[in-house]
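Below are two complexes that have chain A in common, paired first with chain B and then with chain C.
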Partner chain A sequence: MKQDQTGGTAVAASANEYNVVPFKTRVLPYLIVAPALIITIGILIPFAMAIYYSMTSYSFRMPTYKFTNVKNWVSALTKGGFWKALWVTVRYAFFSVLIEMLLGMGVALILNTLNNKFSRIMKVCLIFPLMIAPITATIVWQLMLNNSVGVVEHLLNLFGVYNFPWAAGTKTALLTVVLIDTWVNTSFCMLLVLAGLQSLPKSPFESAKIDGGSTWFNFVNLTLPMLKPSLYIALLFRLMAALQEYSIIFGMTKGGPGDTLMNLSLTAYQTAFQYQKFGPSLPYILVLWVIINYLAKFIVGKQRAAQRQAAGLEE
Partner chain B sequence: MKTGPKTGTKVLLNILLLIYSIFALFPLIWMVILSFKSDAQMYNTLFVFTPTLENYRIVLFTTDYPKYLLDSLIVSGFAVIVSVVVGVPAAYALARYDFKKKEDIAFQILSFKFAPEILVVLPLFMIYQKLHIYDTYFGLIWVYQLISMPLLIWVVRGYFEDISVEIEYAAQVDGYTWYQIFFKNLIPLIKPGLVSAALLAFIFAWNEFTFPLLLAGTNVQPITVAITKFLGTDTAHYGQLAVAAVVSALPAIIFALCIQKHLVRGLSFGAVKG
Partner chain C sequence: MKKRVISTMLCAAMVMTSLAVPAMADDASGFDWKAYDGTTLNVMFNEHTYSKAVIEKIPEFEEATGIKVEYSTTPESNYFDKLNTALSSRSGNPDVFMTGAYQIWEYAPAMYLEDLDPYVNDPAKTAEDYDYDDFIPATVDSLRWDMVPGHAVGEGSLWALPMGWELNNLSYNKRIFEEKGATLPTTTDELMETAVALNEFDGSGTYGIAVRGSREWATIHPGYMSLFATWGGKDFEIEDGKLVCKLDSEEAIAMTDYWVQLIKQAGPPQWSTYTWYQASADLGAGKAAMLFDATSAAYFQNVEGGSAESGNIAWGTIPLPEGKTEDDMKANVWIWSLAMNADSKNKDAAWYFIQYFTNKEFMEWSGTEGACADTPRQSVMDGDAYKAIVGKADNYLESINILSKNATIQFTPQPYFFECTTTWAETLQDLVTSDKYASTEEAMQQLKAQLDEVVSDLEVE
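Our next item is the complex of A and B:
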């Protein structure tokens, strides 16, 4: 994650470089970090509990519960609902992140190329959707897509499309929530790519110009590899969030119509709170957690490799 | 590099940017437009109408909306204060000291950011009820640490690392104590970064929905949760819904404008130094 690991040398530790480091100096950093860890780990005890309770029949309604071993896991994993939810999760994350990355990169490239008044104003204004709560964004889009007061319906009428179902249709529901996610988060990718573009070193491009490479050639062989570290960071943050998206889908349809948009997060929520089956809800979300953890490690590794490669290109 | 594109290409790029800008900004403009429309005008007008403040009056003076705003402010504000008080020293330690497991601890803190919210909420729901902190300010402020703490620690750590250790050595030689150095030298140097990280953490906390929805909701009700109530009513006063959205979006957008320069760095947790 970290781009430079310099400056990490310890004031206290290196002052005593040639002596034995006193005990007080050695524990000091742990003591300083401890409160932050305690506050956050206090919250994280639930993780361990989640694994335990995933093997029980615990319910918020019942005072007692039984240890049921792997029963919840077997029943969750063999039910069609789980695989459907996983498929919804994957499709939602894939489409929203793919569109956001491509669109964000495109807009960043345009903003970077154009350096006029319009583009400078838009650099500021385009971050607005990113800053408002996703649940508010969902409401804004409901005001847009609504068939009676929405403005999109009027626009579509011009093209001869009437009563487009949006979130109410089984075929168009995913499109609708991905559209909202794209609206909110494209600027995140755009900002990161833009920062990457603006920190590109000049010299490789100057020598490329002397060599007479085409714009496209330079983009693929210079710009893109040097942007890769920023792109991976954007991918990391977006993918992790999209895989567990809850508020946009909840705000739009609560997972409906039917179970069209029930991803793993919503399925776990529904099983625990609506069906009051706490134990059986946990396997869904624990599987998601494993997937997210694995992917995060993978992307961080890729990001570091890209960073080394980009550093090589600068010379 | 800087010969610039041809005029034709430039026009095309401007048009593409315009199209995207309409997509990105029009929904917000529409939200503001609807907030000034009366219920009757909602259905028979598009852009030409007589603006009215009626919706604002109803939402701000006849509903509990101001109370929800206050709840949001209390919970997000205190969450950020706790994160700053506890997180800034931790960020300093992670930047300056070399100690065993340092990177592991730093990544542990970061990993909270990526934990699925529902996974945190499910067991917490149980624990909070046992500890009687369900639906309280304290409970929410605590769980909000998962949002604000990783952000603050990672971003502020980066700012500390940007400051040369030499400054601290020099001050030490001059006989200043560690506390004096920390508060008189270091904090003023990272202040712009710290303030913007804190504001961004506030925006994140302000926008949080899943935690307050499932761990609070009656006594303590931030606007993100309250706004869904405006949705639920089928009578559909769209104007009031729009007002609720405008009021909830406004603080976040204003703060974002204040911290523009630091935004990229904050959003990427210090990974991209924009």
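Our next item is the complex of A and C:
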């Protein structure tokens, strides 16, 4: 700073004192971005650490570990178990989400059309399964499906079916866990679709009615296109959860019989917490993360396009 | 001057007396049950009759010691996963936990466990009447290990103290046997014949023999391992300083093939989801005619009010394969025990807890009124009260007497025990529920190759 003969430094200093931004104002921008920053750091740090540890021999039972480069990745990807786990993950997600979406949409359409006292009672009752933890539902289903004391076995006996293996059979295990998943989560799909249906504008349907459009025509050309954003939201949440499924399968069979239900989540859990090999377990989880991330981005893109289309912004 | 000398001597005597008072609080050795008054301990239990007995007496422990106990109870199928995570966090919580002998092979090398020898041998920390030598040697020896993979148990540090021990044998429902005119099988051929004959003895849902089948280590260690060892099978042997899996031996293949046929022809219809809870509950509910599992599993069902079939259950031993005699009978041993977390911040208080719940007084109560039939203390076993209560169970004590001659841990101690036995259970499930393998021999050869790879980094000597 250049000084003059009349004590310019003192003047500048006093001007700076007046120009000091108050502490609250200075800190405000940081406070505004802090939550986002914390969340980003909170998510990114564990992922960065997971990538790092996936290239180490880190084990809970050893005080030290070595950097092993891509050994864990090569080992996981070259083992048959990985591809089997991936296949189980995909099949479980595909069947459970498909059934839940179709069933949820069907029930929502019926309830929306009825719109009477019965439908109002059913809307409340059908949400009950969502209030139960999946593991609790699994334990209850395990009892109901038991061949010795289960109520389902007694019902099947009336139709001449005895000792149905359910989760104990290699051919019926997937069906059983998908059935439980459907029981727990269909109401979630139903709820989102119902909310979508109730927010649809009335005028296009009134016009179609005047023009003599059939129920099927209205469903295909009006309801479905305008409902797509809600359907994509339901698909996004259910698909992400189904790909990560752990509690129902573990509670029911621990991944068995054999490796019939060993999906990526269960394989990672078993490797990390039962065998205490943390480093080698991480490739399974990271692959799952990449798959979910890609699918989520794809569905969100589709949902936005459907939203624009429904709003008439896009053909 | 004389007065000053006397007063100095009196003062010195008073100081010495005051110093000596705390040390004499409970006994001459300096042991005091109230030494850790005010400490809070965290304890993790598996859901079991043994833990129920301890939990019932925790208020008395708190009153006697002034130590507050906070505890959690978890079902067995999730217990060890939860415990593994808690121990690996190195937070020191829980201070004390229930464990089995096999877990020691994994936990001790990972330095999760506190060596209990210094506590047992310290008169200032252990009550005079504790009497360590009163434990049945097989029980405490099974909890000692020198941490060398392949080395047998019985040497090295003491990593836990027993709550109860379980042998594995055949138990059966006398009522069903009488109604169907069946007799207790003593050979494996007779066992197959009887189990098949009793299958669906009371229509659909009832069956010949209950055994565990879930996809976990616990499926291998009870009935399967006891018959496997009696048949002459071994899991591993040491060859050229390495552990070599022996599950492809003639005996291992023959026994596994027999076991698979037994389950297919007369086992629980949903065998692959069966833990000991389901298997023993089916015997108690009158759904299964026999149970091949822990001695105590059937005992709990026989206790008055314990199940629909209480009072109808009786015990046999291990059915013998062709050419084997009673001397070849090798029951596998499981020991529920209490161990201390090496990272605990309250080690001395934790030791008080372990000591209190493994001492003679508690063991006598738990062995009689607490329904923990398989007491690890000789004095309790020899007591009239124990004999009067447990002796009422038909052939229970007689069976244990025969089984305990060769009873020991039939597995080879090594830190990959859980990975090996879970893989083993997976193969067993494949053999019973699928046509993945052309033969049992093919399955066991593939299993051997897998397990050899799992233990390949272990140096035995």
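Please note the rule applied: the second predicted complex is superposed on the first by the 272 of 315 C-alpha atoms of A that agree within 3 Å, B and C clash if a C-alpha of one lies under 4 Å from a C-alpha of the other, contacts with A are read in each partner's own complex, and residues count from 1 in each chain.
Here is the rule we use: a contact is a pair of C-beta atoms (placed from the backbone, for glycine too) under 8 Å apart; a residue touches a chain by one contact, two chains touch by 3 or more.
Everything quoted here is computed from the prediction, not taken from an experiment.
Visitor: For A:Tyr162, select first, second, both or neither according to whether it touches chain B, chain C, the two together, or no partner.
Guide: second
Visitor: A:Thr170 contacts which: chain B (first), chain C (second), both, neither?
Guide: Touch partner of A:Thr170: chain C, not chain B.
Visitor: With the two structures laid over each other on chain A, which partner does A:Gly258 touch: chain B (first), chain C (second), both, or neither?
Guide: A:Gly258 sits against chain C, while chain B stays out of touch.
Visitor: Go through the superposed model and pick first if A:Phe94 touches only chain B, second if only chain C, both, or neither.
Guide: neither
Visitor: Should A:Gln142 be classified as contacting the first partner (chain B), the second (chain C), both, or neither?
Guide: Both partners.
Visitor: Which chain, chain B or chain C, is in touch with more residues of chain A?
Guide: B
Visitor: In the superposed arrangement, which partner chain does A:Phe273 touch: chain B (first), chain C (second), both, or neither?
Guide: In the superposed model, A:Phe273 contacts both chain B and chain C.
Visitor: Could you tell me if A:Glu153 is touching chain B, chain C, both of them or neither one (first, second, both, neither)?
Guide: second
Visitor: Which residues form the common part of the chain A surface touched by chain B and by chain C?
Guide: Residues 60, 142, 146, 148-149, 273 of chain A touch both chain B and chain C.
Visitor: Over in the complex, which chain B residues touch chain A? Could you list them?
Guide: It is residues 1, 5, 10, 13-14, 16-18, 20-21, 23-25, 27-28, 30-31, 34, 42-43, 46, 82, 86-87, 89-90, 92-99, 102, 105, 107-120, 122-127, 142-143, 145-146, 149-150, 153-154, 158, 161-165, 168-169, 172, 203, 206-210, 213-214, 224, 227-228, 230-231, 238, 241-242, 244-245, 248-249, 252-253, 255-257, 260, 263-264, 267-274 of chain B that touch chain A.
Visitor: Quick check on the complex: what are the chain C residues that touch chain A?
Guide: So the residues of chain C in touch with chain A come to 77, 80-81, 84-85, 87-88, 106-107, 109-112, 204-206, 213-216, 268-273, 278, 282, 285, 287, 415-416, 418-419, 422, 426-427, 429-430, 432-434, 436.
Visitor: Where on chain A is chain C touching in the complex?
Guide: Interface residues on the chain A side: 60-63, 142, 145-149, 153, 157, 162-163, 165-170, 252-260, 270, 273-276.
Visitor: Can you check the complex and tell me which residues of chain A touch chain B?
Guide: 1-4, 6-13, 15, 26, 28-30, 32-33, 35-37, 39-40, 42-47, 49-50, 53, 58, 60, 103, 106-107, 110-111, 113-114, 116, 118-119, 122, 124-137, 139-144, 146, 148-149, 151, 154, 183, 186-188, 191-192, 194-196, 198-199, 202, 205-206, 209, 229-230, 233-234, 237, 240, 243-244, 246-247, 250-251, 264-265, 268-269, 272-273, 278, 281-282, 285-286, 288-289, 292-293, 296
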